[in-house]
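The following block contains the structure, expressed as structure tokens.
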């Protein structure tokens, strides 16, 4: 373990990616570089994971003043919340280089850049630094989507880009507002995260700033009704991009809410939590129901992903430690399940040249390994106990019931909704009789099988023995609520007023 | 506290390991090098048999303990722990779970053995056993779990296996659809289960969420919450155990291979709901209203299923509805707080229903996968062993003394009577009569009379020993298991007592005799009608009027389809076809379009005439001057 | 009395503006701008009289010099325009628009 | 009184000249009319004791600049057909007046509020060449110097834009 | 006095260099390439001198010399640096540009240097008539540069529009100066400030009127609404390097003097805040609306220039008169100048002979044949759009920060909204370059490497300014 491990994790892929772009490297060199660099990042993050002390506070802190006059600094650090998103990225991304062998140089280079930028966004402990990475991580997506996407990529590209930039610029205003308020209250410039939490905000402007943050994150997550960019973008994007978007980038939106909104705007957050929770749960239902009639499996997975993000976001809004922990756990679980499903969908598309569900069938018989992997990932995604998906989902529903009974009950319907579209799709694609397009479907090669194996194992391990992971998360989530406890308690009692018995027996 | 024994965790682990091992073996060999079936068969039986042996060990170890301390536990590891929520991957063997354990492993083992024969020649032989082992493992987790959450693991696991096995012949769309239906309907129940657990946790879970802690703290639970929890958990039970309104999946589930129907959809999985209610007896005993609701839902399900059962032509459908019906009895039993009676019925039912299914499977196997009873007939000559065992099963099911079903069913009816649930008793009696009728309708049509399909009849022959031996073992169980708990003996009730919160009703022996006598009468009436109609051979009836209505299961499936499934799909497609582009995305698009329009329209102002530009300036200036002169004074 | 000078200056200035915005003849437009500069000059000189300082005179001189330079350039442009289109109409030159 | 009369006369002439500039169709007429304004302004400068400016106005403005303009007008040999047909000129002028009115009123309001001292007769030194010159070279050296750059530029501009020299290949 | 001289050195070098260039252009053997190098040299030397003054000179404000008409401050020095850099890069890109376009003569470069001298004067001028003259020096030189392509009627039309409206605005400046003089008895900023401090701003109507007209002239030159309409046509008509020069150097100089004037006194600034607020808002949105519909890149950039004027006006509204350093404005100007100049630099060699490529569609598929240039242009566009980690983002960040700090939250939010809107037309070019099939091969060789090199230097600048925000 060395001093600037986080910086290395962030900038190694970015620099490698930029170098690839700047040099006339061949696609094989690019892929090889990507592999090496992402594996190096993986090794570093594993090292980081091992060395993580789970104190609940930021660890591996780096802090270098950058813009002294405004108190902006290059500050990095991870706690239990960010560690897992960082890990999800590091663990999942190397797979892409193994699975997709024939892409262009820019494809791999952009992947590297986005990996670094996402790591940066997750590790940033300064709001401005976070914002910079937040925006930077959009650019590779923009280029990948536009350059390597499907036939209707241009509108999709524009939509996602304009939508997310619109949101994030509003967030910039809110960030600046925070910095200025800090200056006004403490007579010192700073954008550091921990200092922002000391702010005492109230009034209309604070509410506006709160929504400045929330809208940015809501678009990224995406929360209903800001999700409309998602189906197009996910469907048209090349597989790796969809994977990155759904597996990690969307999670950074949730992470943002946890990291920036909850500590700073505790009052506003408590005030609007019910509204946001409904938005999450409605989004979950809306997208889940929309998924069932999709004809295109990638689009169906896109809606499914949006549906899951709704429930993950809900976990954050429930303001209790179980739901929040569940959310973070579910973030990783969703990355390993739905994210991987997108990769599988990409493989499916590559091998059958179609994305239409009705064109396929009988793949389970043709490709048992592929079907097995797919089924495991699918079951994790529908939250079957014993897979990673259950733990998080259960804790979120549990927390939601406590937070607000109606929300909790609606959140529970995810159990049904998810299973409806997934089974339907699985039936059409993997069962039934083989169609001309799927007849010659090739099963995984050994390399592919091995590349995915760690994730599949991870899905199971995370379902069966989650406590080692949870014990790294819980101190941070507990801390999150320790500071905001009074407000949260007050809000929680207010929201459950219609079912008073529920709160009587609290220990 | 009870003892902590490490091997408890091994009981589910054996079949689970078996499942993983067989599954991997199958996946990696099915394309190229096929392994011989024997390998799979042998491997598959190892897990269940080992578990059964362990179960016996548990039983004896428990038996050795004093009555009040009869439980063994094993805490494998902390599963997850967040805030107040501590869930251990813990296993608990108390008399209740031990009983379940015993018969689940026993019947499971038998059915595995039976399947070796039944499934021979199937190209997915390995897959089948992997699923079966997985199922058994999950079932054992369900039974042994020491907290609702661990139970839920098994609960969902068995659901999954049920889905996988129903859609086992996945090339046929109907099978897959049946599988989907089973999984989805089960999931609806699971929603209730999860919500019930959540309420329970926020009620009293903070000081421990395992059964023992819950039981200790149950009096802290407020009545409203207790009722909510009870009902929500019962929703879970209706899903898993096929009660109104979620029973619809079970008849369809017969699409799976017959051993699956026997093991999963008759003997074990479907009784999980009853087991769960019995597990929560400390809770249900607390809330009388919940018990009544459970009992009524159960008995009405029993009635409905019996009506359907009377008009089915598919041998497995008849058995399926009889299963639903018997499950209804069990719920009636646990609903009137006769938990041991309910569990006992679970126990006996496992034997005779597994027996009936396996027997039916034997028949189907012999008839080359023909399931319509009106294509059979006179088979008793060709398949004596099957016939004999099946008659035993049928007698047990119909409640003929002294077969096992009689005692268990009678005890339920007696409990209903003794606790004053006369309505339930009356309906139960009617159902008993109907049960006898449809059971023997099936027996008579299949085995007696003249062969209806001569060709099939000629080719029919007795099944191999690997199939008949389990039948015989089960037949023994079906015949004599009832004595374990016959009035006056009550071995099972006493055994279960430490696990259940039960108040045995004090009723006079007159009531006891009255209940028994009415039961016997009901049985006799039922069998008489059946004999008079079908005893000497009958042609396939043409249904009309109410019969047709009942034959079509009151069109409940169609109703669900029209009221729930189709609207759901319609909403789904309208969301992305109509709502998405117009309502949610509409404003975004409109804004963009407006913005482009304004932008294009704005070019008009750039006229290109320099004088006009000067006019812009002056107009602006002049306006500002106006404002400024206002502010001058 | 000085007020009258200033009022006159304002009137001339406004007339200059009117000339610029209402006429299309290039010469007239340029001369109108000169008129505005002259109006400003008048104001300078009048204010110089008020303040009894001669700074205003110097300023007026500077304005004259600038006006001269501007006029020279403007006339060069007029010649150029005339070379292109032989017209003195500002509206003729409206290729750049939209 | 005499001064007032002179002022009134010059003012009326200046305004009329300016109005003529705005109204006349042919630039030559406009230029002549403008010269009237310039000369009237020179008279007003004289009334304001700005002797140097009075002279410069006549020499530089009315003399040099206007003759340059007139020269160019003549040089281009403008035919009436070259002139823009401004049928709506009057509408524009009236409209322009209406638009400009607020500006004028605003300025007038300002002027009205100015606390101006009485215009006592000043000494002979005021506005003389020497005094202004001294001021120019002492206090206002910088603008004076940089005006030379300005003139240089306009010189180059005239050469570049109107000159015959072809672009260097 | 040596210090004073040191601070004036860049101006002197530029002025002398301009005259020298002018004189030597009479010498037939001087090719315009040599003139380009000469002017670049002048700019470079002046830049280095200015830089050394910036680094070593401890912010000496000289006011004794020149009777307080010229004053150097850290802000004027920074603005001067930007202007000189703009001049340098424009000279370089012009060199390449005129390999493909043939209307150049050595006077072109001398005029460019003259314009720079006017701009430098503007940044330092502290007296209204000096401002006026400096403004006219700059403007006249630019007018000539705009109309330099005499054979092209478009360019002549541009100079007509610019000259006519520019002179019109200049007349307002003189009238404004006259009223200020009338009110305060002086046109020197110091005296005006003293007068305002003594008598108040709102109590002196003549000062209101005078400053109003002066502001109008500044707003005109900066292309703020409603004085913006000329800018699109003029940018379109001028040649690419001149457009770049106008968009950057001229705007820097104008905003320098604008800020200098506005911070004379707090009451003066606060008196105009309401008006500047609305003007800024309208400027941003009108600029955006004009930009959306454009097909020509130059026109789009002109319109985006209007939008950036709006952002700078936000900075002016939020400017603090107490301890004015102008750092926010200078930083934004530097960021904006780097990216705008970069894009014009790239256009000057990508545009081809006779600027045959000028619309969005002409640049379709550029990334395939010229990936590096396309990448550079993308960086500039992203910087203008304010996407991190480019300089444009930092600039916008500082402006928003200063606005919110000054309590102008609404304005900051509107600025944000405007930059969201502006995203579309910046992205449009990137999309055309990267995601569309090429209609043209961009086959011809670049005649000179100077402009490409400058482009890449500017890319580095864009990032360097962002990552090492030394000005702040």
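The chains carry the letters A, B, C, D and E, assigned in the order they are written, with residues numbered from 1 in each.
Going forward, a contact is a pair of C-beta atoms (placed from the backbone, for glycine too) under 8 Å apart; a residue touches a chain by one contact, two chains touch by 3 or more.
What you are looking at is a predicted structure, and each value in this text was computed from that prediction instead of being measured.
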* To do: State which chain is most central when centres are taken as means of Cα atoms.
  => A
* **Chain separated most widely from chain B, comparing mean CA positions** => D
* Asked: Highest contact-pair count belongs to which two chains?
  -> C-D
* Structure fact -> Averaging C-alpha coordinates per chain, one finds the centres of chain D and chain E separated by a number of Å equal to 31
* Asked: Where the CA atoms of chain A average out and where those of chain C average out, how many Å apart are those spots?
  -> 65
* Where chain A and chain B are represented by their mean Cα positions, the distance between them in whole Å -> 36
* **Inter-centroid spacing, chain E versus chain A (mean Cα positions, whole Å)** => 43
* Asked: Using the touch rule from the top of the page, what residues of chain D touch 2 or more other chains?
  -> 96, 99-101, 103, 106-107, 109-111, 113-114, 139-140, 143, 147, 150, 153-154, 157, 161
* To do: Mark out which residues of chain A touch at least two other chains, giving numbers and ranges.
  => none
* Structure fact -> Residue ranges of chain E touching at least 2 other chains are 129, 133, 136, 140, 143-144, 147, 150, 159-161, 164, 168, 179, 182, 205, 208-209, 232-233, 293-294, 424
* What chain pairs are in touch here? -> A-B, A-E, B-C, B-D, B-E, C-D, C-E, D-E
* Show which residues of chain A lie in contact with chain E when the two form their complex. => 21, 67, 69-70, 128, 131-132, 135-136, 139, 143, 146-147, 153-154, 157-158, 161-162, 165-166, 169-170, 172-173, 176-177, 179-180, 183, 205, 208
* Which of the residues in chain B end up touching chain C in this complex? -> 603, 606-611, 614-615, 618
* Asked: Once bound in the complex, which stretches of chain C touch chain D?
  -> 1-8, 10-19, 21-25, 27-28, 30-32, 34-35, 38, 41-42, 45-46, 48-50, 52, 54-58, 60-62, 64-73, 75-80, 82, 86-92
* If you look only at chain B, which of its residues touch chain D in the complex? -> 615, 618-619, 621-623, 625-626, 628-629, 632
* Structure fact -> Per the touch rule, the chain C residues reaching chain E in their complex are 6, 9, 13, 16, 20, 26, 29-30, 33, 36-37, 39-41, 43-44, 46-48, 50-51, 53, 55-56, 59, 62-63, 66, 69-70, 73-74, 77, 80-81, 84-85, 90, 93-98
